[in-house]
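Across the two complexes that follow, chain A remains constant while its partner is chain B and subsequently chain C.
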Partner chain A sequence: MVKKTLSRIYIFLIFLFLYAPILVLAVLSFNRSDSRVSWGGFTLSRYVACFESESIMSAFATTLEITFCSAVIATIIGTLAAMGISSMKKRGQAIYLGATNIPLLNADIVTGISMMLLFVRFTNLGFVTVLIAHITFNIPYVILNVLPKLKQANRSTYEAALDLGASPVRAFFTVTWPEIRSGVFSGFLMAVTMSLDDFSITYFTKGAGVNTLSTMLYAQLRKGIKPELYALSTILFLTVLLLLIATNINGDKKVDNRLIRRVISAVIMLALFTGSVFVLVQQHRISGGGDRTITVLNYGKYIDGELLDRFERETGITVKYEEYEEPEEMYTKYKAGAISYDLICTSDYIIEKLIEEDELLPIDDSQLTNYENIDPALIEMSTFDPSHQYTIPYFYGTLGILYNTKDYSEDQVKSWDLIWDKQVSGHLIMTNSVRDAFSPALIACGYSINDTDPAHLKEAQMVLSRQKPMVSAYYVDETANEMIAENASLAVCYSGEAALAMDENEHLKYIVPDEGSNLWIDSWFVPKSCRNYQDALTFLDFLCDNEVALQNFEYVYYASPILYVQTHMDIDDRLNSAINPENRVTRNCEVYRALDNDTSAYLNTLWQELKSQ
Partner chain B sequence: MNKRTGRLLAGPYLFWMIGFVILPLLFVFVYAFTNSDGNISLEAFRTIFTATNAKAIGLSLELGLLTTVICLLLAYPLAMILNGLKIKSQSFIVFIFMLPMWMNFMLRILAWKQLLNKNGVLNAFLSLLGLPGIDILNTPAAVVFGMVYDFLPFMLLPIYNAMSRIRQDWIEAARDLGAGNLLILVRIIFPLTLSGVISGIVMVFVPSLTSFAISQILGGGKVLLIGNVIEQDFMQGNQWNAGSSLSMILMIFVLLSMAIMNLFQHDEEGTQLW
Partner chain C sequence: MGKKHLIDFVDISKSYHHNLVLDEFNLYIRENEFVTLLGPSGCGKTTTLRLLGGFEKPDKGQILFDGADITNVPANERKLNTVFQKYSLFPHMSIAENIAFGLKIAKKSDAYIKDKISYALKLVNLDGYENRSVDSLSGGQQQRIAIARAIVNEPKVLLLDEPLGALDLKLRQSMQYELMRLKDELGITFVYVTHDQEEALTMSDTIVVMNQGYIQQIGTPEGIYNEPENAFVADFIGHSNIIDGIMLHDELVEILGVPMPCVDKGFGINKPVDVVIRPEDVELVAPGSGKLHGTVISNLFKGVHYELEVRAAGYEWLVHTTKYYEVGQEVDLDVIPFNIQIMHKPESSDEKAVEIDE
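Right, the complex of A and B next:
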């Protein structure tokens, strides 16, 4: 009796462990309040937002498309292969099965990387490369499900059919197929499952702009969790639950379950199919714009989407707009030749590197009627483009300290000294970006943030490693959310991130310490791979228009180099140092210079050393 | 269909495998043994034997082993209890425990991040009970937590499968011959489920050794596993040669664990996952 109770308790505990997180998300999805711990009333708005979110819906569509296509193709190739393998001699079988095990048992990250290396050599990364990768890791599951069925199948009935005059195809469909059908079907389901759940392999083989649910969520999770995701998780959970219960119940009762199963699989197939067609049609609509198309690459959430529509309406030029997260990711893929774009927006030091490598086309200012709208001081500060002919500044800002006024006063955070002090232990968020983390440390040692002397960098690393035990986490994109939720009270972050956080939590303030910091300028450039130079310039000119820039500023919320915006923005914004750095601040700041390869490799090593301590 | 045309059916697969499995691995091999100028060199291997990488490998092994052991300790009794349940529809019970696995991998991590947060649900619950809060997010403990949650089904299923194949008669026979519960467990049940245990171990150990997303998200960027180093080398550091040579090292670990699995598994369906 005791034993029975104990095992009940044990099952219950494991059950709790498995389901508590999912239930918590489900409850939160109906919570009106943004807080994770207090109940603010019932709402369905998260669900509406989830269905309205373009990034979620397009990732969802891509996921369905990849899953369906890869599972079907893998099932066909895999079933044929299983039949081939079963008619081989023992040795041939062993070789084939050994090879089949490679993608199955190899680490996902290695499989993903190996395919990425192959793809960037021969083609651009994109939808097709992800599809190929998924087919590759799906085939083994099909083979391993079909092969046992073939072994059980009686070969002599098939041969009897042939002897009786049936063609091989007919013999296959009337004799072999019914025996292996269940294996093929479970192989297909297995492929669907694996494809739906995959993250690592998709992550390495996807191009910019292609996102499955997993990779979209990865980017979002690092940025901070939005309540729409709770809704998404609950919807997915309920769908899976219903599907599985349906298949399970009819598995118990023997009421013509074959028919029910067929109906269910037909429904699944139909859903996947219509989903895919829908997506294909939509993609066609987006890309089918005729000759006047420009392909634009920008950071995520870095333009007001309405402006893109307006530009297309006014000019008749179609914009294929894609986004990326990390400048280094963009650079790596660009250098690998995996991307070809007409216009790219990125960070100052990356541009300097690309200029040195002679990757850019000069921008003809005389064709930009709105060039005068740009603050000349900002062009002057763009030292990464010494001849001022390759770039147009887009937004700029600073690196500084975001702090909670409940715990710190302005006097305390006026200096970088605070982030090295014992008192911040456990509630400091340090930036997870290599150069931004080293900047305050270099300043603390009395050097420039562009210092390349290895001894000085080593010294800065010592400062950072003394700081590490006090750091609660190294974040970039999650910082705003963690500070809003008051999980930390001090963070080293960008001004834009700070402005977002301050909007959500009135106790937060942002300051650039007196010793100076980094001033960054994100700018547009035209890469050599540009195919539509004229229309790319038209787009740049559009962005420099006064009213357009003001509308864009109100969406992006970073400091704009357009003079009109600086004078016409809301008075509160103008006084907000996170959005609009004062002159006193910018004078003390430096723009990053590109590091030579040796220094950048050394910095990376120092950083990894620090992280592994 | 005679034997020869039968074998031709595997043709597309052969082509696919060479193109998208073997060739990519050769690329990793070539990158690992060349330098950034494309010349043959062992430079990449030299650079990976640093204290940083050694620590990352050490930590990955440590957390991977810990995850595997915890999964085994949780899953084995669970499999026994599930197997002993006198419920008509055992598949339903199994399905209940498998269900979370069907949800997106990232969403499951998201759930734990929400629970473990300093101002999160778990701590709110604990403080309601007047208990001290726990603060493990952004530590290796949180990473292990997440990995156990994610990979537990991989351990449970093979063990459960092996256990459900044990015939009740054998156990009764042992009991008739005077064996106690412990003896039955040690001498009968455990040896008969060993193949399931081994494949469970491999299926948990390999992904937890090579994971990078879980450590990135639940470790707050402070837990550097070997997967994270590789990811950084490729996606940020532009050091493809070093990344490739580290991938080769990872492959060696994977091959080792596969070899161990094969050593213990003699039955024909050893490659079948569940």
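Right, the complex of A and C next:
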């Protein structure tokens, strides 16, 4: 009796460990509050938002298309391969089966990287490369499902059919096919599951602008978790679960309810098919293009889409607009030669690297009629482009302190001193990003945030380790939500996060301490791969137009380098230091310089030491 | 038999992965003949059948059917049908659908197919099984359905690849009678492959004994049994005493140092030969009255007879007798000249095959 109870508890614990994380996710997807720790009531709005989000739906459609196409093609190839393997001698079978199984065991990331390298050699990364990659890794799953059925089927029934006068094709379809059908179908479902589920390989083989649900989720998570992603993840989990159940039902002979099986398969096929059609239609609508086309690459959600339409209408130039999430991802792919764009927007330190590597074309500002609209201070601050000839600033922001006015007054947070003070103990969120954490520490020691002297860095580490006991958590993406939920009252974070948080909670304010801080500038540049320089400049000029910039600002909601925007934005925004830093602030700030490899390695070591103390 | 040749294998060679399975193989099969290919596994008998069925292509040589070359005709266009070793019924079809398979491909009318199904089921004594599923049948029943499925197509030749191998003894015997009955009723040619010599002796008009890709002997069951041409055939067709001997001169052979009169001539003088003596041909006589003196070393009761092992002159003789002898009893052995079968020792490579046992 006791034994039985114990074994039940044991099983319960196993399931708890297995499913608790997913359960938490599912519960959070119904949470009205944005916080991850407090329950704000039940809501379905996350699910609604999930289906209303254009980026989610387009990633969803891409996923369906890739999943369906790759599974169908892999099923055909895999089935044929299984037939070939089954008719081989034992030794040949073992060798071929081993060879096809290696990709199954190989680390996804290795497969992904090697495929990227191979594809880049021949073509640009894009939808097709992801599709090929998915077909490749799906084939072994199909073979593994079909082969046992073929072995069961025994070749002599096929020969018997030939003997009775059936042609090879007819013999296959009347005799072999019915015997392996269930294997082929479970192979297909398995392929769908794997394809739906894959992240690593897709991540490396996709081109900019192609996103499946998993890569989009990843990119979004890096930027900050939005609760509709909980809803999406829950849906994704349920879909895979259903597919697995369907696969098992299909493989189980005892479940002889053909109707149920047929209905399940029909529903899956229908869903995949409609998804694919939807995407094809959409893609057809997007493509078209004439002679005057520019290909533009920008961070995700970093422009008002209406402006693109307006630009196309006014100039007759077609914009092929693509987005990316991670500057490192863009950089790697750019260097691998997988991307050819006319215009790219990215972060300061990446541009500094690219300029050193001589990857950019100078921008002729005499052709930009709106060049005068740009705040000269910002151009001056673009130290990553020392000759000021390669870049046009787009948006910028600062690193500072987000605080709750219920607990702190503006005077208290005017200086970085506060975050080293014992009184903040337990309600301070420190940034979890290495350089951003070291910046205030370096400032506290009286050094520049770009200081590379190891002794100075070590000194900064001491400051940080003294601070560590007072820090309630090191966060990046979670900061805004925790501050909104008032789980902390002070946070070191970027102005962008701060602006988001302030929109949700009126008690929150943002300040850049007087000692100065980091200022980041995202800028446009023209890569050497540019094929339409003239129209690229026209686009840049358009973005610098006063009214255009204002409209764009209202969508993107980061500080704009266009002077007109700074003076014409809504009064509340103008007073909001998170999106409109005062000149005093920007003067004291510095832009990050790209660190050399040794310094960046040393910095990481110091950070690891600190975190493990 | 003066009937014309229906099938001719002409100089057929076939190898798998450098393994020669058939070498310069020649064989003809006459119309309405029951031919059995007999031999141990790996002797090439199944390959011969598969070549005839069209599932394999020879590396060299020709197969003629009714005088026409069918070497390159695909299996589905040959006018013959096969009954496979593992029955090979289509598991997802009913019995009737299985039997109708060939007829539907031949685009016969529904009425014709229906007639044929019930005729064929009657023929194999499985009346009324039309709608049963394959799984619900026993092994013997499945095999009979496989035969029915083949014969409804009225092939000129029926190929049978060890069709009774998976059945128990009782069932095998009754199926043997059924097959002979079918052959007489249908009047078609049977090419039957087996490794079971009793089966071959019971059913065949002609037996082709094969080993290592070579034909060892072709003949009637009686001819093969009574006059094996070499040690392999003698050993494979029932158990035999095969002894090294020296042909002293015509009609006298020395066995184990003892000269014995025989009826064979023309082997030359003092020639080494193989001597075959069937166990039932060895006579046990009172000590002192036979040619060889020996001791009984084992005794097994076999129903119709006793099977003894007798050690005499350094050789262990297999002897069948109806009289009882005790182990350890001393006896003399004798053989009448007519029952001593003299065979050449193998010389060429194809003859070598006779020495290597299964």
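Convention: the second predicted complex is superposed on the first by the 432 of 613 C-alpha atoms of A that agree within 3 Å, B and C clash if a C-alpha of one lies under 4 Å from a C-alpha of the other, contacts with A are read in each partner's own complex, and residues count from 1 in each chain.
To be clear about the criterion, a contact is a pair of C-beta atoms (placed from the backbone, for glycine too) under 8 Å apart; a residue touches a chain by one contact, two chains touch by 3 or more.
All values derive from a computational prediction rather than experimental measurement.
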Exercise. Taking the superposition as given, does A:Leu16 touch the first partner, chain B, the second, chain C, both, or neither?
Worked result: neither
Exercise. Which chain, chain B or chain C, is in touch with more residues of chain A?
Worked result: B
For this session: Quick one: classify A:Val48 as touching chain B (first), chain C (second), both or neither.
Result: neither
Problem set entry | Touched partner set for A:Leu232, first chain B, second chain C, both or neither | first
For this session: Answer with first, second, both or neither: which of chain B and chain C does A:Ser156 touch in the superposed model?
Result: second
Exercise. After lining up the shared chain so the two structures overlap, which partner does A:Glu329 touch, if you call chain B first and chain C second: first, second, both or neither?
Worked result: first
For this session: For A:Glu609, decide between first (touching chain B), second (touching chain C), both and neither.
Result: first
For this session: Once the structures are superposed on A, label A:Ile135 by its partner contacts, choosing first (chain B), second (chain C), both or neither.
Result: first
Exercise. Just chain B (first), just chain C (second), both, or neither: which does A:Ala99 touch?
Worked result: first
Exercise. Looking at the overlay, what does A:Gly165 touch: chain B (first), chain C (second), both, or neither?
Worked result: second
Exercise. In the superposed arrangement, what residues of chain A touch both chain B and chain C?
Worked result: 162, 168, 171
Exercise. For chain A, which residues are in contact with chain B within the complex?
Worked result: 7, 10-11, 14-15, 17-22, 24-25, 28, 36-37, 77-78, 80-81, 83-88, 92, 96-97, 99-111, 113-118, 121, 132-133, 135-136, 139, 143-144, 148, 158, 162, 168, 171-172, 193, 196-197, 199-200, 203-204, 213-214, 217-218, 221-222, 225, 229, 232-233, 236-237, 240-241, 244, 248, 251-252, 326, 328-329, 331-332, 335, 432, 471-475, 485-487, 601, 604-605, 608-609, 611-613
Exercise. If you look only at chain A, which of its residues touch chain C in the complex?
Worked result: 89, 154, 156-157, 159-168, 170-171, 174-175, 178-179
Problem set entry | Parts of chain C lying in touch with chain A, wherever the complex brings them together | 17, 53-55, 74-77, 81-82, 84-86, 88-92, 101-102, 105-106, 149-150, 153
Exercise. Within the complex, which stretch of chain B touches chain A?
Worked result: 1, 3, 5-14, 16-17, 20-25, 27-28, 31, 50-53, 55-56, 59, 74, 77-78, 81-82, 84, 88-89, 91-92, 95-97, 99-115, 117-121, 124, 137-138, 149, 152, 202, 206-207, 209-210, 212-213, 216-217, 220-222, 224, 227, 229-232, 234-240, 243-244, 247, 250-251, 254, 258, 269, 271-273
